[in-house]
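Mind having a look at this structure? Questions to follow.
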Amino acid sequence: MNNCIIKMKGIKKYFYGVKALDGVDFQVRTGEVHALIGENGAGKSTLVKILTGVYQPTAGTIILNHKPTQFPSPQVSQKAGISAIHQEATMFPDLSIVENIFMGHHIRNKANGLLSWREMKDKTQILLDKLELDIRPDTKVRNLSIAQRHMVEIAKALSLDAKIVIMDEPTSALTLKEVEYLYKIIRKLKSENKAVIFISHKFEEIFEIADYFTVLRDGKYVGEGTIADITVDKIVQMVIGRSLEQMYSKLEAEQGDIILKVENLTRIGVFKNISFDLHKGEILGFFGLVGAGRSEVMQTIFGIDTKTSGEVFINGKKVNITNPSDAMKHGLAYLPEDRQIQGAILAMNIRENITLPIIDRTSRHIFLDRNREFEITDEYGKNIEIKASGWEQLVEDLSGGNQQKVVLAKWIATKPRILIMDEPTKGIDVATKATVHNFISELAKKGIAIILVSSELPEILGMSNHVIVMHEGIITAKFTREEANSKKIIRAAIGSISK
Amino acid sequence: MKKQKFILAIVLIVILLSSVVSFAGAQEKIRIAMLVKNLGNAFFEACRDGGLEASKELGGIEFIFQGPTTPTAEGQIEIIDSLIAQKVNAIVISANDVDALVPVCKRAMQSGITVISFDSGIAPEGRILHLAPSSSEFIGRSQVKMLANLIDYKGEIAILSASSQATNQNTWIEWMKEELKEPAYKDMSLVAVVYGDDLSDKSYREATGLFKSYPNLRGIISPTTVGIAATGKALEDAGKSGKIELTGLGLPSEMKQYIKNGTCRQMSLWNPIDLGYSSTYIAYKLIKGEFQGKEGEVMKVGRMGEIKIGSGNEAVMGEPYIFEKDNIDKFAEIY
Amino acid sequence: MNKENRKISLPNIIWQWEIILLFIFIMVVIINSNLSPYFLDYTNLMNTTFNFIEKAIIALPMMFVIICGDIDISVASIIALSSVFMGMASQAGVNTFGLVAIGLFAGSAAGFLNGFVITKFGIPAIAVTLGSMSLFRGIAYVILGDKAFTKYPIPFAYFGQGYIGNTMIPFELVLFLMLAIIFGIILHRTTIGRKVFAIGNNSTAARFSGIPVNRVRLIIFTVTGLCSGLASILLTSRIGSTRPNIASGWELEIITTVVLGGVAITGGKGNIFGVVISIFIIGFLKFGMGLINIPGKVMTIIIGLLLILAIMLPQLIERLKPKNSFGKVKK
Amino acid sequence: MRDLFRKREFSLFIFILFIVFGVSLRTPSFLYINNFVDILNDTAILSMVAIGQLIIIVTGGIDLSVGSSLALSGMSVALLNQYHPGIPIFVIILISIAIGLLLGSINGLLVSRAKIPPIITTLGTMSIYRGLVFVLCKGSWVSAHEMTETFRGFPRSSFLGISSLIWISILIVILFLIFLNLSRTGREIYGVGGNKIASQYVGINLKKIQYIVFTLGGGITGLAGFLWVARYAAAQSETAIGFEFQTIAACVIGGVSIAGGTGTIIGVVLGSFFMGIVYNALTMINVSPFWQMAIQGFIILFAIIINTVMDKRNQQLMLRKRSFNE
């Protein structure tokens, strides 16, 4: 393979003894769109971060253009011609689009060595035009929508004129139209004989755009091949190590009375006129693209943000929830999307995390009762199968999946009647995912009303009794389990169903 | 391993510092501590020189010079506590607060330490006697007289003091106001009292503010070294030398520049070296029992001659000396 | 290093830090008693506590403030403000009991104002207290001008000058030790302490968990004001007079003490023992240096060095340890 | 144009005009050109050092040691001038900058290499440097007549009718405008402050940036040290005590976010100018000296609150605007 531009062999990466990557082989050729496939937590992002010099591999070799190389820093990697669109927000919110695109490699005037803003602005304008983005280059990123931010990220990667472009879930917040443009750009890059590493777990995208694939599972290399020679089913097998049907163990639960009723809930500039009912024992799925406003709706219901107008009823009674502890008093619990920032307190131990929302109940007056805390932690922690060396272990030393279990246990321990879960399986390994899904089903069976916010279509389809789809702050569709299918949902999510 | 290094580091620092400190010495000597308002003040540095002179002259004295980092009473109290703990024989204080030091000084006296104040006094219960450089009344009145002479008893005048909390300055200002009530000054009016907090930049700014707010200003009295020097500089910079007369109390070494160029034609001050000398001398003699510190007693203070203890156990050293173009060079060399 | 070892890593670090501090403390005592024969003297040691106990009393709530991830640089100004109000009341003939009430109230009110502006408008504490630092002391200047309040009722002097019974133990010291126990229990043994740690480690997650983050912060700032008021009572009583410039520069000394005590300036970490040891380290170090007549300005160099070296020490130890092969995943 | 109105700098500017107008009603002489030159002279040093403070705060740090390093470098050159009056003035200036750079780089090393949080590092060096001033001068002062005429006269020496003090501050403002807006490192300073993780991804060397800002800030402070002692013709161990809080206040009033990431030179210069006007106005309109500190504190608080409230309103407006676009 003489056109092999980069080759990684036996890459291992451990975080405090947790194996994120365990001997992964990966190679990419020029003029190829290479899909890197795997579940969340399979190790894709870690691999990307090693390629871009953010992480150093624990073991293994990287061969760039037939020469062994190391990427001790992002700069070295960039110089070697690798650019990436990272999954997390890697933007500078207070700076302009131009600045965000050129940060780290500003263009300098050859004559005097000073920055040439005009040239950068022009180039940005060209990039934005290419992506058909109608925004001024000097707009602050803070003022952009999530989708626009993602487009800027893409523009940034393109600006580098790299030989290898890595796209880590580039389409998660894009509309169909924008995705089409992205495809166009990828094809163009391919025609320029560049290598594109495309990370996605949406199979239709992979089959549309990729030439070759590599599959990872649980940090291990599973296999590779050309897209033309493989079927979706086979890839799915490789990715999850079992068939799709096994994944979602939805138990049918008896649906009871309406427990939560939301009417015309509005928060200006974020979402408006959100209305829905939630029954006891029901799992209500909320689908939408990143930035559709789902989390914001949930956070408003939970009292973290304030509503502009609208009503919330619990058990038929109008309630006024202004902060999370109000919400908890009404039997609400909210498992937030961002586990590490909103969910867990990483520098505290499992016991302290799990008992945090109910600390006033586990204590004797104001004095902490460690024994009781321990009992409660033991009860809920064992129930959800947290794997840890003890309840005094710090949460930051746990794997992502176990961290999520801690957060889940913490909310179950509040004995909620209504449980809102925002992306409960984001970034966790397959095994844990299954545990969490089972757990959700069991909760619903016990009569707990559940709102499941998710960006994973199979999860929504597999788990929900009803599905609500949001797009840019409004509800665009509601389906029953029977009506729902992926096509309808996606169409609603990209806003093509009118109100 | 690392801890050992750390001990080593600490030990080294301490050794280093104890070599800096020249005072630690034999225990047999009589130990007299001079405690000033704050460290890093040229006036008190000169007092220290006087104290050292007296110690040398009398012999057998270990002279300790101390002061807090900021001119506050609590800083001085902390030092007095450590002086009591060291069982020094005498403490000579220029106080930041008349009353605040009384409790701790009483404690010092109870443990057998001779406490006297100089320059800026402590209330009578807290000390045996106070050595004033000159009578407050005399200082206050003479300042006004000096300025009046410079401006022909006519026009607006202002005072630029140290901090509003400086007790001796405040007393002098009271006396200045008192003097201004005399009929001779009917054409003079005190328009403002401002505070430069003994910081050059603030004094400078306040002085500039005075010229601007009072276009008819004729004279400024600044009874503090930092203040008078900063005012001199401000006058010079604003081109007001000669238009606005400046006088006050200042160290000759700090004011030489402005006296030479006529910005400040006259100012006065007592000799801080003499002040330091006398107070140290008196403290020594009190320890030895040669002075009683009683009202009405006449003390023979070495080269200074006789000093009488007046009412309220306050002794006055002498009159301030007036500095002019002709004599400034000589004194600027000394203090 | 495996998980088992890391399990108790946090208490481990704190434990190590206390060991270091205790060690420094012992060094200070040994060196001081070698340098001056007057150091190891019961009466002297008791009397020197007068000079740092007022700061120590503010260091206790300051520990909470810093663990919360905030900072309060207005505490010394609050002392001046409360003292001025007590002085005014005293001139008007208010008795000792009334003065104490006024001092505590004025302090709490000032602290509440800080907390209110910080939490209501969401402004960083350092910016707000930078402003209120001038404002509070400024008000003291407005009221006092070039005067001083010196007339305080005789029983009032007990707070800052009195001893317990016939012993040589200062009342202030006993009060501080009691407060230290109370604050220690609150921090490490009650729900309030748990909430404070949660807020300092991750205020977003704390808020999402139903902890009234802003209310807790408001209370802490108010308590800091209250303790500053208490310190003001002790200081005013000790020196028997009020001037607007009292306690100037204390804010930074107090913060230094707390940080040296192992409280992370970024919040979320801290221990009452560390802070108490640190208080005595700095207090005794200054006393010892005072005994050999090191000028105050040179002492500040030593304390500055001590602060930086002590904070660097754990890292130096970490750096000397054999490198493990795992990278860091911290964000 | 509408953007202009929304800018903090602009609202601060309006606020300044408002104060100027108000004061001049009471004291017309406040409006004299001479007075403004004086205010400029008074704020020149503050705005320079505040710019040094700005670049540090933008990275998310803070420098509490500026007052002490200013005093230390000022005292050093004053002593140098006193004992070696022959040294030419430009060498003195270079030495003062060099001392500042050294002190700043010590801070920078402690922050970037030893990873001590900036506030603790500079809290420590603040005491250390201040103590060193005392050790250096042994408690005595360097006063006017001990300085050479060129040394003392330098800040006042004028060129085109403007004092070199003002020229130097204009030069610093221009240099740093260029540095912050037209150099990679300058932009990376904003990057580090805006998002540490993101700046790591684009290959910005955090340690290098931290070291640079503290060192540069120190360099400005060093230069300011010389200008300060020369301007007031006095070097004392209390020089510039508490100055760090003034520089931070100038930044905060000038709209610099204490959390890092935002802040402009123009804002800081206006912030310093604002402080200068307030100082100047307070003495001009005969406010009792006892009121000064309280009024300053009140104005700082007021400015911070207004800044924050305006910011929140702007964000609300932005959101509203976006929702209407849909």
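By letter and in written order, the chains are A, B, C and D; residue numbering begins at 1 in each of them.
To be clear about the criterion, a residue touches a chain if its C-beta (ideal position, glycine included) is under 8 Å from a C-beta of that chain, and two chains touch if they have at least 3 such contacts.
Everything numeric here is computed off the predicted structure, so don't read it as measured data.
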Farthest-lying chain, centroid of Cα atoms versus that of subunit C: A
Winner on C-beta contact pairs when C-D is weighed against A-D: C-D
Computed distance of Cα centres, subunit D from subunit C, in Å: 29
Chain centre separation (subunit A, subunit C; CA means) in Å: 43
Centre distance in Å when subunit B and subunit C are each reduced to the mean of their C-alpha atoms: 34
Subunit B: positions in contact with at least two other chains: 20, 39-40, 164, 195
Residues of subunit C touching at least two other chains: 141, 145-146, 295, 297-298, 300, 305, 331
Contacting chain pairs - touch in the sense defined above: A-C, A-D, B-C, B-D, C-D
Parts of subunit D lying in touch with subunit C, wherever the complex brings them together: 62, 64, 110, 114-117, 119-121, 123-128, 130-135, 139, 197, 237, 245, 248-249, 252, 258-259, 288, 290-298, 300-301, 304-305, 308-309, 312
Touch list for subunit C against partner subunit A, complex: 1-4, 6-10, 189-195, 197-198, 201-202, 204-212, 268-269, 325-331
Contact set on subunit B toward subunit D in their complex: 20, 38-42, 45, 164, 192-195, 198-201, 204-206, 208-210, 212-213, 215, 226, 229-230, 232-233, 237, 253-254, 256-258, 260, 332
Residue ranges of subunit C touching subunit D (in the complex, touch as defined): 71, 117, 121-124, 126-128, 130-139, 141-142, 144-146, 252, 255-256, 259, 265-266, 295, 297-301, 303-305, 307-308, 311-312, 315, 331
Complex contact set, residues of subunit A against subunit C: 13-17, 55-56, 58, 302, 304, 323-325, 327-328, 334, 336, 340-349, 352, 356-357, 359-360, 363, 366-368, 388-390, 392-394, 396-397, 410
